[in-house]
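Shared between the two complexes below is chain A, which has chain B as its partner in the first and chain C in the second.
Coming up: the complex of A and B.
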């Protein structure tokens, strides 16, 4: 029991047997269904909406159009309230919008007795638009005469530009450009990399329903950050925060795409309009692709200069990020990416970074597992291999000369690196994949094999844990002791499938010695009852909420011992807890069980003694730390058809102390599988003339199937992070990060062709191989 | 929630044909893996469905006295893949059927639906083309036999007369498989749950000494506006000796008879490269399957 053990998930049985209830399972039978009318242009204005015929359709209760909603702009990002005026949320969303900003924007909603009737009525609505040219890229959008949002005339949502000198960052205001010269300097010419928008593809589509009890608005939704959502909903529908209650039941995958406020304000507003009747909005898969969030597509220009000894001397980066139609996380994701470039490999002389996030007429980009780092890591790690190849260096040796070391001070967030297993991850991976032998062996093989080419490649990463000091990092936890010696644990941190409820139970068990089977972590969040937490993002919960669980468990322990000491008339200092018993530390003599204490104190008829024992604390985290890792990939490329067959991926992670090895491996497997999709298959496609989404379904959007997932090995280099509650660091997001560049570098080793664009799909590879002469056109 | 007006169930071909005649705009449904998608996409509304799922005479695989193989169009892909007659005589078709969608889809979707839906990407069709399958089409007063090469007329279009006709038999002539070796290659970006980017089926026979191509049939899915055969290439290849010249000829000549599209699903450049490469690979494997060496 306790941390470090592979105990079974606490929710395994509910989930496997199907008794775990998700949003749609909880839908009342009399719920009305709302269907949203999405625009069929990407940029423009709704001139008129005729709902006359639609209103006559059977089952229709009401129709709301963009002309009927309050003129209250609200924020959608799932960030805790920032008291810092430099980091305000972007408020740019209305419940429905007459200003159409992407193909699929929400312009009306029909509420009917069932989905089909709502859909049929929707088809009768006639819309008249004034249409503008779709601005789908940062180049097209920034400084265009048509502004997407009134409050941002240039369409450039945000910038962050800086130079790092002597470990300190000088910020300045740069200017948007799409040439390869970083900060306009001829001596910093970047290599161009491009990554497309992709989608999280969680299994449970975004869905919610809202109803009222008296004056209280209740919203049941699959959201990762219930407390922040409550604030955003309250603001959007103009109700006091205390009158809004968010319930988050079991959740079928989020990956960041359930961090933001989606259709909850629409459902709540419709319910309010209908006197509190229950209104549900259950997105289809096609809508989930377009009407939620994407991973930012980015144009990246990266410049790295090295000396003869393989030391990086100068680094420059220009990163133009496509933010899509609404501001969501403003510049946070792009800023995360641009800064990471100067953290993994700090350089000696010049370090200049420029970055921009643009409003464009694409679906809104937001958080997605890795928060900007998968994009920059692809560019950064690809470039490292290109340099090594050009110089004739071993890519691993070259990296090791330049990686971030223990004691490094992060110039941006100004914390010191106190644990760092990166080099060990690299060394271990080198050995496990048999790097030195395979590199030579495959070089020989590739000399004679024309169609099939083999390669091994690798890439590394670093990733922060939580978001201190940019944002608040705190969490609360409450524990209630039952008379049988079991406890209920209430936390606002959300279980998304990542296993947080299980590790919280382990953390409590570690201190209280109560086995996990008797620690009931309440998985459902109900903001009327659940203590505050900022929620699931930034791989923060085991690090931050873990701190709250530990602190609360310690307080609970102190209370239990205190009561036992009073009953037994023994000094507190002599007592401790072992195997669910209160014992005398020195003699190991058992005084009584935790259950005995609880029973007695709960029911004793003595006002000076009776207490229903609870413990509650808030933990504020004033630290940050880097998780590290490496990926090694062994693959072959079928050159004439552009197909990559991955033989094996070895993923090595330094996430500090591993709290539950089996769950941790699950996180790695999921992250690697998701990254295989990012590397070789996935991209959201839009018609370049109209901005219409082309492949917003699971047939045409190529997430890997189980038949596409290679053999995976997961290894942990367990360091001890002193700022983590149990020595632990981020693990949820990191395993995804290095896979795309590691696969890319293995393709480079196999074929000698450098790829600069994701995904490495057969089409993109065939085009590159034809260009490189590997596929002779005609080949007669 | 599907927009269905009514579902009518037929238990015989005659009944199905009568229901078709009586119900204007009715849609035939068997496994439903294409029809339900059309309903979900709101391309088919307020549907009158005629289910042919319970028509026993449309199901099963048998071998006739003359050696021809009869496949009921209501047979699902899994049953075809696992059928011993198919495995013994026309494994290429069994393999093609195993490439459709997912196990769940293959357990319910039928080969007849795959043919009649008219998709250029239908996985079973290139192999049926290369096997010169004969289709029996029934109407209330007539049955006619037509070669599958004449069946498809455009993307999603076939010669079936709406409200009147039903595909009732698929016949693979003995001449098509006896002493033949065949191969089908489906190319998709993913290894499962995939729509074909390009499909290539080759069916051939060799001379007694296994050195020369005697019969040669090559068919493609997604290489033109319908699934196609390449008669001119076939004519060139027949009689050629197995060797580098053969494969060069195939790679070169195959392009004259195909017309792949440039679309967001795949560029023309990719499809042309796939046509060349898969023709070579499928031919090579078919030669091996016919007992030859390359």
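Coming up: the complex of A and C.
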């Protein structure tokens, strides 16, 4: 028991028996159902809405249109409140919008007794639009005469431009451009990479319901950051924060797409309008694709120059990010990406980065596992292999000359790297995949094999843990001791499948010696009861909330020992806890069990001693650290049909001390699988003329099935991160990051063709292979 | 139109008045409170709503309840032993950490039960094909395959 052991998930039994309750499982049987009317244009204005016929439809309770909502702009990002005036949230959303900003924007809502009646009434609503040309790309949107948001006339939501000199960052204000020249310099010409928007595709669709008890608004929702959501909802529906309560039950996956405020303000507003009756908004799969968040599509121009010794001399990056219709995380994701380019490989005489996030008429982009780094890692790691190939260098040796080392000072967040297992990940991967032998063997094979080509490739990454110092990083934890010596642990951090509740139990057990079976981590967050936490994002919970759990467990231990010392009249200094007993440290003599102390102190009829023993602390994290890793891929390419068949992926991760190896491997498997989809198949498609989504369902948008996933191996290089509560650092997001470039580099090794665009689908690959002359162009 | 139908659900004969247009997912969830039957797409794409119909794993979201007349339906609520002990497939999912968010889990377990009940042995590659109607975004299917290998054909 304790950290480092593969104990079973604490929620495993609920989940295999089907008793774990998700949002829709908690829906009261008399709940009203709201269906949202989505716009059928991508850019324009709602001139009028006629609801006359719709109101006559059976079961309809009320219809709300964009002409009836309060004129209160609210934020949707799942970020904690920033007191720094330089980092405010973007407030650009209304409950329903007259100004249509993407195909599917929310313009009206029907509330009826059931979903079918709501849907049928919705179809009777007549809308008149004034339509503008859809602006689907940053190039089209930025500086267009039509502004998406009044407060942002240029449609350029935000920029971050800088030059790093002597380890210090000079920020300046650059200008948007879509030519390959970085900062307008002809000596910094970038190679162009393009990555499309993709979707999280958690299996539980986004859903929520709201009702009132007295003056209290209760919102039950699948959200990763309940305390932030409470603030956003309160603001949107103009209620005091204390009058709003968010309940978050089990979540059917989130991956960042449940970090933002989605339809909770709409449901709450409708409930309020109906005197507090329960109103549910349960998105369909088709809506979840379009009306939640996507991973940012990006245009990336990257320039890396090296000297003859293989050292990087000059680096330049220009990154134009497609933010979609609402500001959500403003520039955070793009900024994360642009800075990462100068962290993984920090060397260089010239280091210039420019980045932009645009408002466009696409669905809003937001957080998705990896937060911008999968995009930049694809460009960065592809380029490293291109350079190695051009120079005739081994891609691994070339990387090792340039990677971030222990002691590196992050120029942006100004912390020092105190643990770094990157090189060991690379070396171990090289050995496990049999790199040197396979590179030669496949070179030989490919000389004679025309259609089938074999390759091995690799890529690496670094990823920060949490968001200090850009944002607040704190968490609170409360523990309540029961008379049988078990404890309840309350945290505002959210379990969404990643296993955080389990590792929190292990962390508490490590200090209190109480087995995990007697540590009851309350999985449901209820903001009326649950202590504050910023929530699940940035792979922060085991690092930050873990700090709160550790601090609280230490306080609980101190209290238990204090009480035992008072009862037994022994000095506190002589006592400790072992195997759930309070013992004399030196002699190992057992004084009593934790349960004995709890029972006695709880029920003793003596006001000077009676206490219900609880412990509560807040932990503020004033540190950050990098997780690292590498991926090695062995594959073959069927050239004429452009099909990649991956034989094996070996994923190596330095996430510091591993808290639960079995669950940690599970995080790696899931990240790798999601990245295989990103690499070879997934892409949200939109009609280029109308902006209409073309594949917003799970038949036309293919996520990997069990048949698409190769055999994978997961290995951990365990370092000890001194700033982590147990030596641990980020793990949830990182394993996804290097897979797409590792696959791309294996394709490069196999075929000699450099790919600059995701996904590497058969269509795209065949096109590239024709261009490269590997396939004869059959067209006349 | 309301229609009365009879079917056996988790060993119990049920007589229910249902809407003719109703899918089995909704009947099981809304009329019988069997909430392990999950909705991920309501179009037969994701497999989260899988139940056993006369022993075969089927997407209940694209199965009209009227078709279930006189059929035997099993959901995850109905596979535990009499004393509440876990079915071997459930136990294997627990032991192999084949669960993350848990939303696809009940459906996958039922496909596992069908495979166990078949008495046949399958290779890992065959298992990949046999569970490919279930989408899981958390696990990469790796531990799910480990769990099934432990119990299918044993």
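Points worth noting:
By our rule, the second predicted complex is superposed on the first by the 777 of 780 C-alpha atoms of A that agree within 3 Å, B and C clash if a C-alpha of one lies under 4 Å from a C-alpha of the other, contacts with A are read in each partner's own complex, and residues count from 1 in each chain.
Keep in mind that, in the parts below, a residue touches a chain if its C-beta (ideal position, glycine included) is under 8 Å from a C-beta of that chain, and two chains touch if they have at least 3 such contacts.
Predicted, not measured: the structure shown is a model, and the values here were computed from it.
Once the two complexes are laid over each other on the shared chain, residue contacts for A:252 go to chain C alone; chain B is not touched. Of the two partner chains placed around the shared chain by superposition, neither chain B nor chain C is touched by A:592. Contact with neither chain B nor chain C is seen for A:555 once the two complexes are overlaid on the shared chain. The partner of chain A that touches more of its residues, comparing chain B with chain C, is C.
Contacts of A:670 after superposition: chain C is touched, whereas chain B is not reached.
With both structures placed on the common chain, the touch criterion links A:705 to chain B and to chain C. When both complexes are overlaid on chain A, the residue A:767 reaches chain B alone and has no touch with chain C. Residue overlap on chain A between the chain B contacts of one complex and the chain C contacts of the other covers 698-699, 704-707. Interface residues of chain A, counted against chain B in their complex, comprise 114-116, 119-120, 123, 640-642, 681, 685, 687, 694-695, 698-700, 702, 704-708, 761-763, 766-767, 770, 775, 778-780. Of all residues in chain B, those touching chain A in their complex are 1-3, 42, 102, 187, 189-193, 195, 197, 248, 251-252, 264-267, 269-270, 273-274, 276-278. Chain C meets chain A in the complex at residues 30, 34-43, 45-46, 48, 75-77, 80, 86, 90, 93-95, 97, 99-106, 109, 127-129, 131-145. Those residues of chain A lying in contact with chain C across their complex are 6, 8-9, 11-22, 24-25, 29, 200-205, 250-255, 284-285, 496-499, 662-663, 665-666, 669-674, 697-699, 703-707, 709, 712.
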